[in-house]
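Letters are used for the chains, namely A, B, C and D, taken in the order the chains are written, and counting of residues starts over at 1 for each.
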Amino acid sequence: MSVPFNPVNLVLLIPLFAAGAFALLPNYRWSARLNVVTSALTFGAALLLFVKRPGSTLLLQIDDLNIVFVVLNTFVAFTTSVFSASYIAHEIEIGRLTPVYLRFYHAMFQFMMFGMNLALVANNIGLMWVAIELATLTTILMVGIYRTHEALEAAWKYFILGSVGIALALFGTILVYMAARPVIGAGLGAMAWTELMHRVAGFDPAMLNLAFVFLLLGYGTKVGLVPLHAWLPDAHAEGPTPISAVLSGLLLNVALYAVLRFKMLLAANGHTFAPGPLMIALGLLSLLFAAFMLYRRHDIKRLFAYSSIEHMGIIAFAFGMGGPLANFAGLLHMTMHSLTKSAIFFSVGHVAQVKGTQKMTEIGGLSVTHPVLAWALVIGVAAIAGLPPSGIFMSEFLVVSSTFARAPLLAIPLVLGLLIAIGALFLKLGGVVFGEPRGSIAPDRASYLPFVAHLSIVLIAGLYLPGPIVAWFRNVASLLG
Amino acid sequence: MELIRDLFVQGGQMVIVLALAPLLTGFVRKCRARFQRRRGASIFQPYRDLARLLRKEAVLAEHASWLFRSAPYLIFAAIWVAAALVPTFAAGLLFSWSADLIAIVALLGSARFFLALAGLDIGTSFGGIGSSREMMIASLAEPAMIMMVFTVALIAGSTQLSVIAETMTFAHVGLRVSLGLAAVALVLVAVAENGRIPVDNPSTHLELTMVHEAMVLEYSGRHLAMIELSAQLKLLLYISLIACLFAPWGLAHAESPPLAYFAGAAAYIVKLAIGAVLLALFETTTAKMRVFRVPNFLGAALMLGLLGTLLLFVSRTL
Amino acid sequence: MHGFDFDVAHLLAGGLVLVSFLMLYQDRMYALINVFALHAVVLTLSVGWQAYVQDAPHLYITAAIALIFKAMVIPAALRRIVERLNIHREIDTVVGIGLTMLAGICLVALSVVVMMRVTAAADPYAREDLAFALSIVLLGLLMMVSRRNAVGQVIGFMSLENGLVLAATGAKGMPLVVEFSIAFSVLIAFIVIGIFLFRIRERFDSIELQALDRFRGERR
Amino acid sequence: MALVIVLASVAALLIANLLAIAIARTEFGSRAIYGTTFIVTSFAFATGAIRLGAPASDLVLPIGLPWLGAHFHLDPLAAFFLAVVNLGGAIASLYAIGYGEHEAEPARVLPFFPAFLAGMNLVVVAADAFTFLVSWEFMSLSSWALVVSHHRERENVRAGYIYLIMASFGTFCLLLAFGLLAGASGGYAFDTIRQSHPQALASLVLVLALLGAGSKAGLVPLHVWLPLAHPAAPSHVSALMSGVMTKVAVYAFIRIVFDLLGPPEWWWGLVVLALGGATAVLGVLQALMQHDLKRLLAYHTVENIGIIFIGLGLALAFRVNGMVFAAALALTAALLHVLNHSVFKSLLFFGSGAVLTATGERDMEHLGGLIHRMPKTAFAFLVGAAAISALPPLNGFVSEWLTFQAIFLSPTLPQWGLRLLVPVIGAALALSAALAASCFVKAFGITFLGRARTPQAEQAAETDGFSLAAMFALAALCLLLGVFPGLAIDWISPATGLLVHGHMPAQRFLPWLTIIPIAESRSSYNGLLVFLFITISATLMVSAIHRFASRAVRRASAWDCGTPNASPLLQYTAGSFAQPIRRVFGTVIFRARERVAMPLPGDARPAALAVEMHDVPWETLYAPIAFAVSMVSRRLNAFQFLTIRQYLSFVFFALIVLLLGIAIWS
């Protein structure tokens, strides 16, 4: 811990200090630029992890699972900061935000990043809990930042549901500790992942079951699994778009990461009940529910929020199925979904700004007026709908085919849900992108870099995955059981 | 030597069908007249008509296209080729293997195709009526024909007319239900395809139910002659088809002595005559039916053909 | 742990459950707030006792937090809110008090059954303690679900957190992290709620959730 | 080596695709792109055509599924379809060099056209499930983009939408099929699948393959998207979609059912035959009722797919019973029809495209008399029409004749079900052929013959040279394939050998290039002689008459039984031409009803005839599904409008339920 050049510390400290600095920095333009710089630095620090992977302490650790997510997290944070720089400029112009709020916004942005990174690298279930709580609270504040009725209401809803969820998660954490204490003995050790994973075989399985129920419900609320999802659509729709991107792209992942960790614990213990069916049920429920909800959406951001729920359902289903193929697919799907979804929110954000509305009925013929945004949206939607060549197709391919070979009856509702979702997404897309232009045709001052970067990564990943990542994922997949 | 004889036979066949076609039509007309207690024109009248038409100049509508002018020859050629491949007095013709029964049906189909197009070319309402009804009839008659072909081909184990004829003559096919059904089907199809009563009335114009005549309404001169001749050829073809499928007696064969050919020819003449008389009798005794009852008429043919085939498929003994 | 300590801890934990029931029973605002203060006090005692028994000094901090924030500051603040926003004094419940109580009893039974079955291995005190904690958590949730106005829900939430504290302190030697997290979460929670009430005050004259629900998502 | 060439050409196409994004708007953009695709696909076509006889070759690239890599495999079957795909692609490109000039928004067409070709090429050579499906869906997606390229008409966007849904449905079905084939261990490579034939659920795989490939090929009742999407695209793309993409779907079916899937059950043939027959008849009947030229052609694609599947079904049936030669015959018929249909359907779509550019009309009721304004196009279209109507001596007839020959072999089948079904299928085949003939009399007659019905048709002008070149090339192919079918059959035979381990006797050495499927005593056909006879006798007759009889011609106004000629609008229309057939079949199949409103005497209003028809598959299958989805979503949408307390109670109840579960479970 003492070595300041330990990349893990950098990943945590840079955002923390930056948050403090932005809170003091009056000029929002500077803070916007610095925000980009900071995020870039954090990303660089995260990349260092590839080079030199530090050993795990009692509080922090880096392993095959979280290294990918840390890097992903910092990368998306970086692109999002670029996007938000061009986004908020417009918000200031139309006076939706005041400089004071922007100060708060940037500070909170970095603070949130700190929380998420901490949650990912934490080697301690308590610390992870704290970090996720932190990230949640910051996002709550960001969601409410516009102070419209809807924004406040969304934030309030998010706050209530989120805190209940987090409370349940804490109870689960305590139970895990209680299960670990007799074996490991009191103290930090009984909360450290590394320790737990080693000694879990001796834990009381019944206790772990109960703990997992609470943890699944608790963190599941953050993941946005139906029926715990209620906060998610409004929070996405009413907050600033960069936050929607971060919510879908990162926070859901972080919460899911927590669930995964505990699932690994159960898998390693061996005598517990199989969490699979539970996750499968929740996953299918989320998938089908969200797929149907997509048809009735008028607000473009809420549409994609529901699609996030749908994908969380798919991922939960994949991990529920288990097995090397499905787990690999789930991990891949997590990464690809966060990249794609944030890219979509980037372009949606610009679209909404240019057209001055989020109502899809008032947006049309985008491919005539704003070709780049339109085709970015088309590619994004095609990717999120799981059409090749995109990484999501690869994961869906693996999930569906392996499921059908093992449990055909489960694959049917899965495919049904996917199909219904595709139908809804392209129904909405056709109205927005094609046809005669509707709404303002003012040129957009968007920064194309973020979504171009994301989408190209997604498309390439659909055809080629780098070896190390594959190796890590397969390793983790085997650990997930 | 073989080749020369075969060539001779084949050529003779082509000439004979061409020569006999008008005569047959004339004979049918004569018989009908007789049955109707009329004296009727001479049985050679069709030749005279053709000659007159050939001598006359051809009158074309202003907006007649090249298709309209070339159609008659194409139609004639297709039907003539088809007729040339049906064994009339001798089986095992030189070129019989170049097209089997299905191909012959298809050849007639292409003739009809161009005739119908010609009917549409001028852009008159009558031509349209004719073509559309002709195609409607054909779209039912052709499957019936194919079903009939199935039946026969399955019994004979071949779709080659010569082979079928030989099997029918020598192999002890015996009386079969399916054969009978096929025969009836073929007769019905023949009536429809040649536009005879009760489906169509060849000897009338201004009648809204006419089919064939409506299509060729705009033709005149040599084009009309070609059309007439091909129609007569078609009639001949069908009768000789029926003859060679269901009454293949007296057909000469590749190895048979030259005399046999004359016997075959004589037998053929007789068959044609009988066919003509029967046709005339049928036409005089039945009345023309409404166009929209024709589908039922042909549907019956199709069903008979299908029934025959099914019987064969289900049991090879029936 | 010998009998006496055990009995006291047991008594306090049981008392906490009892107070939760009292809260469920309340149908007037001030009374509810008072009972919540009482809840916090009992929690303080229980935590303090745990600190003494386990001689884990850091637990005193938790006890102090519970006492100061939950037993004094928050109730006071809530009273002010109620006055400032002149929320009408009685709480309208979804189902009748009686039914709520009945449900609460079922919940307690459920949590006891679950805990007894699950923690066969753990030492008896931990089992009882966890059973009580779970029932408090569930009762807190029940309160949030069965109360229509925000203050009631907030109180329900905080009683739920009390349950968590109880569980945490009951778990022997649970590292400091957790207490911090709880204190800190309560703190944040309170601040955020404060912010929200303030902002909402700007917009509406009440924090009745229906008032918010009128502006839900897509009902325009 | 050959595979390398193929993949190289695919890469070239993808590069052209990227290039197109840059230069689409420039002046020479379209010519450049289409020229490139023309050259590339010609190379690929040559490769496929030559490699057909050669032994199979493999290639694995380090992309695709990480631990699997992208497998590619070029065997005779793949080579055959490669040739078909690239033949269509090359000629479509040639056509488009001219046709593309008329494109209003080339930027919406040019980038996707090479991608579409690349996708189809990849599907054919792909040799593992992942690569296959990626290419498959890539093909669908790029063609979807082409369908919505004219996005300002709402119809096209809707067509594209339905197309995309059906495409995804098909992809999922194939995905499930591959899932079964690969098994839980995930052996996605085709070789692995071949080694381990999954006996369990093999029939399910067949059903899934039928759904997956059938939805793309347009098997009834999965065909509904096809007549919407194919006409919506630009004509050269319509030609590719109808003529080639449907064949790729056929390839997928053959690959899965004949190659990957283990030994078949006897009733598989039954199912495929029944579907094929139904598709053929329903397709052509639907086509007869259309008056939109391109939609009519699209429905005819459905019909021809049905004919192809009839051949495949027969092949399956024979294969089950080990009748190798019969199976080879049926399969040859099917494959030959694949080739033929791709040729004449492309030709016909090109013709309709030429008409569209010349008149701006797709509706036959607004056309007529074009044979005078655009004679060359008319001639090419006529050849195509005759070919698709299975008229000798053109190519369409050969494949149908072979199918009939295969049917003649079926009485020896042991299974009763097949014996009963096959003759009915034969009848259906004959019926569809006859109806096709009448449908194309209508199509050609109403569009090109008669007199112009509108000014647009009046002022039509002949289309450009590239388009004509493409059309005449295809017309020549129609004739050549019809006259020298033996060569094509021999060319195909390696593919059949691969699939059913037997092939038809070699044809190319027979005298006069006759084709003899089984034995001369059974049946034989000689397109060359038929062609020669017809031409000779026709010319003979013409010359004789012109020599000895009159040759004088006088132009006069039409006779028409003496009725003075009224306006061209009194001509027979497409609707009136189809009316007799509608009366015969329509009442059952389309629930067609005619209503005549005859005003009373003295009433000045004109009499009115209204015909209402129903698209039965759509109304019975698709409309209910759409309704159900919207219903459910409407019901569920209530969950968007609950109070926080209610949402909390969800959490609460979820917790209670799980706790109860724990309490009961442990």
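The rule we apply is simple: contacts are C-beta pairs under 8 Å (C-beta built on N, C-alpha and C of every residue); 3 or more make two chains touch, one makes a residue touch a chain.
This one's a predicted model, so the numbers in the text were calculated from it and none came from an experiment.
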Averaging each chain's Cα atoms, the one nearest the global Cα mean turns out to be D
I need the chain pair with the most C-beta contacts, please.
B-D
Roughly how far is chain A from chain D, centre to centre by C-alpha average, rounded to an integer in Å?
44
For chain A versus chain B, what separation do you get between their C-alpha means, in angstrom?
78
Using mean CA coordinates as chain centres, what's the chain B-chain C distance in Å?
100
Can you work out the whole-Å distance between the CA centroids of chain C and chain D?
69
Among the residues of chain A, which ones contact at least 2 other chains?
156, 160, 164, 168, 206, 209-210, 233
In chain D, what residues contact two or more other chains?
640, 644, 648, 651, 655, 659, 662, 666
Please list all residues of chain C that touch 2 or more other chains.
114, 117-118, 141, 144, 153, 212-213, 216-218
What are all the touching pairs of chains?
A-C, A-D, B-D, C-D
Chain D residues touching chain B - in the complex, by the definition given at the top:
368-369, 371-372, 375, 382, 386, 389-392, 397, 401, 404-405, 407-408, 410-411, 416, 419-420, 422-424, 426-427, 430-431, 433-435, 437-438, 440-442, 444-446, 449-451, 512, 514, 520-526, 529-530, 533-535, 537-538, 541-542, 545, 549-550, 552-561, 563, 565, 568, 570-572, 576-581, 583-584
In the complex, chain B touches chain D at residues 54-63, 65-67, 73-74, 76-78, 80-81, 84, 95, 97-100, 102-103, 106-107, 109-110, 112-113, 116-117, 119-129, 131-133, 135-136, 138-143, 145-147, 150, 153-154, 157-160, 163, 205-206, 217-218, 221-222, 225-226, 291-292, 295, 302, 305-306, 309-310, 312-314, 316
Could you please specify the touching residues of chain A with respect to chain C in the complex?
124, 126-127, 129-130, 133, 137, 140-141, 144, 147, 149-150, 152-153, 155-156, 159-160, 163-164, 166-168, 170-171, 173-175, 177-178, 181-182, 185-188, 190-191, 204, 206-207, 209-210, 233-234, 237, 297-299, 302
Can you list the chain D residues touching chain C in their complex?
640-641, 643-645, 648-649, 651-652, 655-656, 659-660, 662-663, 666
Considering only the defined contacts, which chain C positions touch chain A in the complex?
114, 117-122, 126, 130, 133-134, 137, 141, 144, 153, 157, 160-161, 163-164, 167-168, 171-175, 177-178, 180-182, 184-185, 188-189, 192-193, 195-196, 199-200, 202-203, 212-213, 215-218
